[in-house]
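Okay, so chain A shows up in both of these, paired with chain B first and chain C after.
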Partner chain A sequence: MTDVVLPTTVGRSRRRYPASLLVGAVGLAVIVLLAVLGPVLWGTSAASGSGQLRAGPSAEHWFGTDAQGRDVLARTLVATRLTIVMGVVATALAVGLGGLVGAVLVLSGNRVRWLGARAIDLWLALPPIIVALAITAIFRPGAVTVVVAIGIAFSPQFARLTNNLASSVGGKDFVVTAHLLGVPAPTVLARHIVPNIASPVLVLTSVCLATSIVTMSGLSFIGLGVQPPAIDWGQLLASGLRDIYQNPAGALAPSIAIVLTGLSASLLGDGLVAFSEPRRAQVRSRRADQGSPSATSLTGEEQSAATSAGDDVALHIEDLHVQTANAPEGQMLVGGVSLTVATGEIVGLVGESGSGKSITAMTAAQLLPSELGWRAKALSVAGHPIDPRQAPPSSMALDCGVVFQDPSSCFNPARRLGAQLTETIRVHRKVSRREAERLALDKLREARVSEPERRLRQYPHELSGGMRQRAMIAMALITTPKLLIADEPTTALDVTVQADVLRLIKQINHDHDMGVLLISHDIDVVASMCDRVYVMHQGGILEHLTSAQLRRGEVTQPYTRRLLEASASTALKNTVHVTSTIRGGS
Partner chain B sequence: MNAVIDVQGLSATYGFSHRSPRVLDGVSLTVARGRTMGVVGESGSGKSTLAKVIVGTLGAASGTVSIEGADVMKVARSQRRALRRRVQMIPQDPYASLDPRMTIGRTLLEALAPTAARATSHRDRIAELLSMVALEPGAASRLPHEFSGGQRQRVAIARAIAVQPTVLIADEVTSALDASIQFEILELLDRLQDDLGFACLFITHNLGVAARVCDEITVMRHGRVVEQGDISLLAEPADPYTRLLVSSVPDPEGRFLHGPSRYDTAPQS
Partner chain C sequence: MSDVASDVRTEEPASQPPATAKAGEPKGRHASRDATGLWLRYLLGRLGGLVGIVVALLAITFLLIQFVPGDPARNIVGVTATQEQVDMVSDRLGLNDPFLLQAWNYVSGFVRGDLGNSFVNQQPIVELIAQRLPITASVALGGLMVVLLIGFPVGVAVAFAGRRGGRTALSGTYNVAAGLAGALPEYITGTVLVIVFALSLGWLPAQGGVGLEGLILPCIAVGLAPAAAISRVVRGETRAVLGQEYILTARSKRISSGRLLVGHVLPNVATSALTLGGIILVALLGGTVIVENVFNIPGLGTQIVQSILSSDYPAIQGIILTLGLLAAMVNMAIDILLGILDPRVLTTKGLSR
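Moving on to the complex of A and B:
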């Protein structure tokens, strides 16, 4: 173990800027420039009347003039400064106030945090515009009042966001480890927590900027905001609307300004979301080599006996390829896999994560995610030939049962077990409710679920992990399928429960003469359970063995040998028994 | 025996009320320098809670934790941080244990100098740590997402040994990894322990993994110690629960399928 391990990828890929980010940033930059230069360039023309009152658009006045003969466009451009300054200050107030409340809650104890979170929920239930209206109505209307009102009205959004994010980041292992290493709490906050919550907060900030400008314009429009002679867009909009019959364009200029600003800020927010999206986990290139040695260890006789197609074949896969569908030269996840499961046989598929074993099984069950495409020389599941261009026959649902790894995520938590167990037969066989329940009870008993009558009326969370996995097996059994596909059925279970569930699968296989495809990463499990075993590696079948060969260690591939050496039973046998004999002997 | 870590009568609860159920109930164990104590049990046995109480992220209801003879809960506040630094933990999930926005070098620097901002002064030590866990020195400038699970676990180990701890707590360090990679990580831990001599508390649900690295073993169930002693006790366990655990480990011959069922022999809980 002195060799140096290299990282899987070299160098960092350059990030591309999303278009919305660029457009939004440029738009806001132009608006800020106008805010700075507007009063300087157009200050005088906005203040001086031309004598033409309420004139319509002309070459001289693009958007006409107002009641005092002043140019509407110039006034809108001049108003940019006050509007933007108020928007930015109000947003900063909301972020500061909300962030402070959120940070205090994160640092305080459990009870205070709970109470604070409920208070924020209550506060959030009130629409910001109502809160702002109430505050401006109580105090004297004016620019400062509006800014403070908007700041307070929008702050709970930030309080909730920072509190939630900081709590979840604060529970992460790297924060706990930093505490163990003796990093002081403020440093942990600045170094680990703030950078990891910054991007969602920034996104909300840009959205808040857009909304606050729109809201403030609304308040000015109804006369609660900026008071003359100061002008902002909302006030211009209000006076434009008063004169709308004389000069319809007068209301247009401030409206366009409000819309463009809101749009730019929102685009910037969207762009930030797209930009800060965590790098998609890079799928390692698992291009299967085409000439992979497959099925080498069985004699021709055994091979033909196993693959002789007919009624006694539960699953037949020939030369299966699965790849990502979006690109023409898509990534190959499974390349050239062939396997068969005869009726009454348990066949194992063993390999490590990313070997393609689950994808092979999900292709057989016709449960591949839509972004994956498959082709094969032949695929027949429980006697039904399957074509990749057509939907699988609905009767396949009755002949093929599936048991998944995680029993807690495979049941709908909001429905009782009885409804979920009987769904398949009620849909596909149209049996009566009573008959379906009787069948479900039978199967729960067969799967050795305790108190089956009560379980039918229980929700999934009321069962222990082992019981839930038994219930899932009962669900797969309810149609008495010809083929059972079990994908890591015991990986999420405790070791003592694992033995029980595996025993159950073996019993079912024996009683119903059912073909079973058992997928596992544990070579001991497949060796003990199966008649034949396929070892998968990097999307191909590396080796095909009878389990007797596997048990005797008659393997040809070094990879399979490594798996055997790394197994728990080998460790127990070697270490414990050797140690005890040495200690006992000395 | 000179115990580096000494836990006596440790009890703990989750929740505010004194009626809350005890997740740890009178757990005692000691580990000497250079030795590895395995803590095995099923989900809910309290083995991860034990780790939390020892490193101090969860308070104990009663009992003592001593590191090199000093009671962690009784020492002065000023010394507690230094004492705590002598106990380090390798978390279970290599994907959650590294800050995604920090380079590997920055992560290791944090361990070496918790308040330092720049890596220049510790560059040699960081390179040394990386070579100790068989990663190349260039890894220091890369981000966690560029590494596989096994490689990240190596970084987490490097971070833990950087402060030269006297106690290392490994909480299910291999359960998120593939079998062949598990092997490499266990070998690495073994080699580092030979070189550095830390005491190791190795928490796992996998008896095979425990048998491979541990000198002694503590079997836990429902927050209590069921059986404790030399690792060889797994060959002939005295307690029926330990016997059930051992006989449930899958073996290629399928003997575990004919063992006693949990629902036949074990008391219902």
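Moving on to the complex of A and C:
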């Protein structure tokens, strides 16, 4: 699939046609035109032989002549018609036959459907060419046989696609809703199901067209397809190969024709995929839409909460800006953020999604995606300054532990927990395997993971979500870092487990005198856990409070007040009173 | 097995584990027994699939001769033969026996390892296959080497190189090259290779199958397009894996790029690429059949063409059976490899399918 780079000013322009779609469609159109006109225009020159047999390329014969002195190029152009007609008919056969089988399966009972699906799987396990060979062996070799053979050989793909799509679309919410609203079945089929299965079927059809033309040409090439005097590209290629010592170019003309046709059809397929899945492009343009003005206007309101960076400072950020890289006027995602986390302190970073709190945290952890660049007056972790122009210092590995949001996706699914937990110390402290495992066990116990010995041998999917998050915390703790960055550590967990994990973080913070930066969208969690809280909004820090202030509801910003009001805790809500005058709107 | 259709259904690679263990899990010593149980079920499931394919192949090849329009015996001996000759061939094929007896004879012959004799030279089919299978297998294996040694590393390298900006030039060149190479049918690659390396440069023989030198061009011809295809799959999977959160976790350990690649990216790419790679490998078998004809290699591919043209039905049946079994075995090997690489498939694919 080709990446279409969208300009920032996409705005409300309609969907763009991917280049591959256009090139493929134009290529196929030219080929179809040749199929129609070929025999008319070059029919006579393809049939009439000149005196030169098997001559090489010349001005008169661009690709030379064949064994009877006929022009190879003219014959290739004439052969377009039969090749394309065969390809289209075989594809139509595959779509029709496969669609029919698929539809029958969809409509029949569960048991028949199950059996049918297994039979299709079996059928698909055989290479199509073998199926085609078997069918060619039954009926004598020839054009019609090959078309039937390829049609049958490729049909199970369509049967399976129809079966899978119909059942997956049939169970979708919008279809169920339509049923519940009493929309008649044919309308549901026409309005909701067909449009949703049309694009995958179209894509598979264009892929099938490409493969069927290529495969049929292959069968003709080995002598089992089109029989002389009829000609298609595969058969021309075979005769070109026979004369290859006299006129190598004779084999090239049909080769180029086959490749260009196959390429056009598969480009069309790629283009259709890109066109029918515009979601990625839309997301990009939406991101591009949220402009920098809001971020820059906030920098005026930012609160300077910077304290001087000393030994007891786990994290120090001063005037941080993060923007999309590779562009001179990249989008500003975070503008002018300053914050500190002292050792032994839990600092909350709260805000709605998209407020820049995770980006700020990932900058602190030096884990920004490559598309983002940052600059700051100062950024240091555990007293080690970090320079945006240089690779993060190696001390980061030991100074900074990170706990991510979703424990189900943060462990490598293909490796055992033991290997993952011990990796950091094995790499950076050169600790022996046994020593590393002993340390990992300590940390697992500290994180109150049950049966720690067994966990080391297990794969992540064998643990429950809560256990996995505890193991994640144990992994972040293995170096006893000075700074722990916890990015929404409880969001993906059950409510009952959330409190446990939060208590655990608090305990660790207390036991190791560790600085914790806790990112959350839940202002209640932050209020109960943290010593101090930064409220982020639209890429800037809106307010900086002690959690006591927050709990008392002594907030100055209407946005923070709304966050408090929106929180589930009624106890907090009741205590909210705004200390400053409310300026309407924001 | 996946096919083109699975490209259409967008499946999330390295997806969420299907079932999370419950709080009250069995104790440690039970875990290993669970694992063997899972493996047993998994292998039984695969074996069931293999048996299914063998049955299907036997049915297809047996019915093949029944479906021949007109008299198969007449096709074998030709239009000029006398009726006595036709009857004799008919007898030898057992076509005059009752249908069920024919089926029984066919299946029991297969079990005994007797696939009949060729009508062209009276050679036992099993012997014919034994002669030609190693040649076909070596071409296919050589093609597989091309796929693994070129396709896989290129895909990973392009994705990995593109993970930090400045990727447009590289990925553009790659897209064009892989798209073009992937669109080249094996027989055309073979023809072009013959023109360039055998005729123009004279480095390698145009005639294949003669010693190791004769295998180089056929193997490249067989492997090039699948290598391009698999490199695209691998590249897509690698990109997807690089975007996964556990890569961020791994990066938070500040390990070297090499360690990140070998320890965290490749194990996950291997499983998902192998799943899709299965069809590519099976397709490679089909490509071998055709490519043998470009280089005149005396393997099963050239043999089946001759046999079809001369209506040598026992040979056709035997070769199709062999090729089908080979494909089934490739599929099974891949499934087992998948189970070793990614234990999660043991639970998801268990006995079903």
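Heads up, the rule we're going with is that the second predicted complex is superposed on the first by the 446 of 586 C-alpha atoms of A that agree within 3 Å, B and C clash if a C-alpha of one lies under 4 Å from a C-alpha of the other, contacts with A are read in each partner's own complex, and residues count from 1 in each chain.
We adopt the following convention: a contact is a pair of C-beta atoms (placed from the backbone, for glycine too) under 8 Å apart; a residue touches a chain by one contact, two chains touch by 3 or more.
Since the structure is predicted, the reported quantities are computational estimates derived from the model, not experimental observations.
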So in the superposed three-chain picture, is A:60 touching just chain B, just chain C, both, or none of them (first/second/both/neither)? neither
Counting residues of chain A in contact, which comes out ahead: chain B or chain C? C
Partner chain(s) touched by A:387 [first = chain B, second = chain C, both, neither]: neither
Quick one: is A:435 in contact with chain B, with chain C, with both, or with neither? Answer first, second, both or neither. neither
Using the touch definition from the top, say if A:551 reaches chain B (first), chain C (second), both or neither. first
Would you sort A:527 into first (chain B), second (chain C), both or neither based on which partner it touches? first
Determine where on chain A the residues touched by chain B overlap those touched by chain C, and list them. 2-3, 465
Flag every residue of chain B that touches chain A in the complex, lowest number first. 16, 42-43, 55-57, 81-82, 84-85, 87-89, 91-93, 96-101, 107, 110-111, 114-115, 131, 134-136, 139, 142-143, 145-148, 150-151, 154, 156, 159, 163, 178-180, 182-184, 187-188, 191, 205-209, 211-212, 230-232, 234-236, 244-257, 259, 261-263, 266
Which bits of chain A are touching chain C when the two form their complex? 2-3, 118, 121-130, 133-134, 136-141, 157, 160-161, 164, 168, 200, 203-204, 207-208, 210-211, 214, 217-218, 221-224, 237, 240-241, 244-245, 248, 251-252, 255, 258-259, 262-263, 266-267, 273, 277, 325-326, 365, 367, 370-371, 392, 394, 396-397, 400-402, 404-406, 408-415, 419-420, 423-424, 427-428, 451, 453-454, 457-465, 472, 475-476
List the residues on chain C that touch chain A in their complex, please. 1, 3-5, 7-10, 14, 16-23, 25, 28, 31, 49, 52-53, 56-57, 60-61, 64, 67-69, 75, 163-165, 171, 175, 179-180, 182-188, 191-192, 194-195, 199-200, 206, 244-246, 248-255, 259, 263-264, 267-268, 271, 282-283, 285-287, 289-290, 293-294, 301, 304-305, 307-309, 313, 316, 320, 323-324, 327-328, 331, 341-344, 353
Once bound in the complex, which stretches of chain A touch chain B? 1-9, 12, 110, 172-174, 176-184, 187, 191-192, 195-196, 278-279, 281-282, 352-353, 448, 450, 465-466, 494-500, 502-503, 506, 521-525, 527-529, 547, 550-551, 562-563, 565-572, 574-577, 579-580, 583
